[in-house]
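Going by the order they are written in, the chains are A, B, C and D; count residues from 1 in each one.
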Amino acid sequence: MIAGFEFPILLAEIARPHLGVLEQPFAGIGKNDGAGFDHVTAGREVERELGSPDVVIYNASARARGAFVDLAPAEVAQAIAVSAFGGFLVAQQAVQRMLPNKHGAILFTGASASVKGYPQSSSFAMGKFALRGLAQSMARELSPQGIHIAHFVIDGGIRSAARVEPADKPDSMLDPDAIALSYWNVLQQPRSAWTWELELRPWVEKF
Amino acid sequence: MIAGFEFPILLAEIARPHLGVLEQPFAGIGKNDGAGFDHVTAGREVERELGSPDVVIYNASARARGAFVDLAPAEVAQAIAVSAFGGFLVAQQAVQRMLPNKHGAILFTGASASVKGYPQSSSFAMGKFALRGLAQSMARELSPQGIHIAHFVIDGGIRSAARVEPADKPDSMLDPDAIALSYWNVLQQPRSAWTWELELRPWVEKF
Amino acid sequence: MIAGFEFPILLAEIARPHLGVLEQPFAGIGKNDGAGFDHVTAGREVERELGSPDVVIYNASARARGAFVDLAPAEVAQAIAVSAFGGFLVAQQAVQRMLPNKHGAILFTGASASVKGYPQSSSFAMGKFALRGLAQSMARELSPQGIHIAHFVIDGGIRSAARVEPADKPDSMLDPDAIALSYWNVLQQPRSAWTWELELRPWVEKF
Amino acid sequence: MIAGFEFPILLAEIARPHLGVLEQPFAGIGKNDGAGFDHVTAGREVERELGSPDVVIYNASARARGAFVDLAPAEVAQAIAVSAFGGFLVAQQAVQRMLPNKHGAILFTGASASVKGYPQSSSFAMGKFALRGLAQSMARELSPQGIHIAHFVIDGGIRSAARVEPADKPDSMLDPDAIALSYWNVLQQPRSAWTWELELRPWVEKF
């Protein structure tokens, strides 16, 4: 067992409700009412939830389902907002707190849709491609300032209480602890050999 | 000279002000006030501007400039809205009109930022990555229904009245007519050999 | 109809037997017997076949088939030699003749295997990935010297006298003339907007 | 400290001279003299060096330097042979020994040249692109059979006794132990969440 293993999982737990909070300001942005995004409030929420965080993991995503022509534009906008813009908001608040220490890490959770635009999945592709673009741009800008940025392409179903693989297909779904182990290992990388992206998929997953 | 050469350029001209119209509803989306996006109005605008189009080119983009920590969230949201979500809105309206004929083409204009997230350029990367994800997903879904989807990675400065390359660096900026020629050629491709993506850059451009 | 349309096809016809000639010297390389590769002979062959060419298309490829563990190493070496090293030999001879004029074009024919390593296809992936690496390196080095380098990812079956798609799946195989049209169009690109890579696939091809 | 950390380094040490042995048969392949590649001998060498290995790391690479037109074809062939074909030979011998146990791992060391063809670097691009194609094809074919295949993109200079970064640019070169840590971590991944590729670069490396 590796000590601290449960750390990223814990963070994800913290982050999930927290992101619910941060999604709200997005609605406000659309108003263009001059007041703009209340980043003071948002920052206060980040601080309340995460303190002055040294590690932040952004997992949130959303999508609109169905044929391209039938998608509700408002749901597509919401999908982009949650999957990508929320990542920007959280990351910016976190980086503002990490930069004075020249230390910290921000991990983004992607999907196979981050690198491949599947049919009937345009809203998910837009959000996940955008999040990857954000992560790559941040990696180039912020790594030399001591902030480790990494993007994980999760390709496959994630095992949960509600969803388990069939007995004759062992380990055909990603074990959350196995995901967390790789997140943890990336966090432990010495800065002379940082990873900005890696893929994780079950051994039997087609790709 | 190739006949019809000026066609795509013309379309881009038409599209530009049109997109100005379509950007407005995005603001409305943020309200989440139950009224949602007025796609009836938007479709009426598309029809007024483009009729029942057989070819649509989406060029619009926007970005917020500066260090990552200093970006105004509202400007980042606007950048994503113009570069990517606007592309979705226009494309959906267009595809709804093309599908009954099982014929048509939608061309998206990307940039080097579509495939590479540069430092100090996260909002542009988010928008352009997202647009590419949209185009790729649409290509997989809609090509078999007769709609040709293509994404152009424009890498380099575009020559214009306001900006011309120095005399000792001939053709170091993209000539708009040269861009239009490749757009036109993609439109002319027989459906047995369609391109979904190609890059265009000056011969001397570093990449 | 576009004048000169048949040009690239013709060139490919010329190149095919020619490459048969150029494959032989590769055997000689392995000997490491001090005599080395007889590039004088090879260059003479290029000149005899192509004169002082302004355009060269490299189509040749080979592969070993079967499960990874069963592949005959000699066939794998041959596959790499034909698909990739032959491309280097032909391209180098051609560039040596083009550089004095600061003008010319070399087009490489890739496959879906150029960008995706399929199972039971390692030798083809090695050869085609290598050819793409060659093309990309040449594009960066030689474009600024006036030589246009392009790599075509052909994804799908190519229609021929021996192999035609079923009547209920029209245009589900690439028409050689449609391929040639895109090769031709790339050759016609003004140098302010060159393409180094594009994909070609039938409208109904899964990817 | 993580137990076993030194393991991959040790293996690389073993592999290096061993690969020298395996490079020789490649010369024989070229002869096409009917005798073919003596894989029995090669397998015997693998076994003598590695026993029945559960983990194999392939590091070997070679390149020809200089302008494209000046490259000696024999050196280019040698570069491809060492960087890519040698990887095939070693991997095939190893997989033949791993498959009966449905267990094992093969790690390939790539470079930035594995994913980007730099100017004046075509032979290195050919070899490294080919090795990546091999690794990706093997990953798709052999992962479902229990063999973990991974490809590491090492982007940056590697610190050694002979080459150390300047004091004012700390950790600007990859520490071999830091590389080994990530190799080790990939080896430890549970099969429900395997990585087939990851990049490693110093925090301050431009990319």
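Following the convention adopted for this analysis, a contact is a pair of C-beta atoms (placed from the backbone, for glycine too) under 8 Å apart; a residue touches a chain by one contact, two chains touch by 3 or more.
The model shown is predicted, which means the values in this text are computed figures rather than measured ones.
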item: Partner chains shared by chain A and chain B (touch criterion as defined above); value: none
item: From chain B, the most remote chain by mean C-alpha position; value: D
item: Length of the line joining the C-alpha centres of chain B and chain C, rounded to whole Å; value: 31
item: CA centroid of chain B to CA centroid of chain D, Å; value: 41
item: In chain B, residues with contacts to at least two other chains; value: 140
item: Chain pairs in mutual contact under the definition given at the outset; value: A-B, A-D, B-C, C-D
item: Complex contacts: residues of chain B adjacent to chain A; value: 25-32, 36-37, 39, 42, 67-69, 71-74, 76-77, 80-81, 84-85, 88-89, 91-92, 95-96, 99, 113, 116-123, 125-142
item: Complex contacts: residues of chain D adjacent to chain A; value: 140, 143-144, 146, 148, 159, 171-175, 177-179, 181-182, 185, 188-204, 206-207
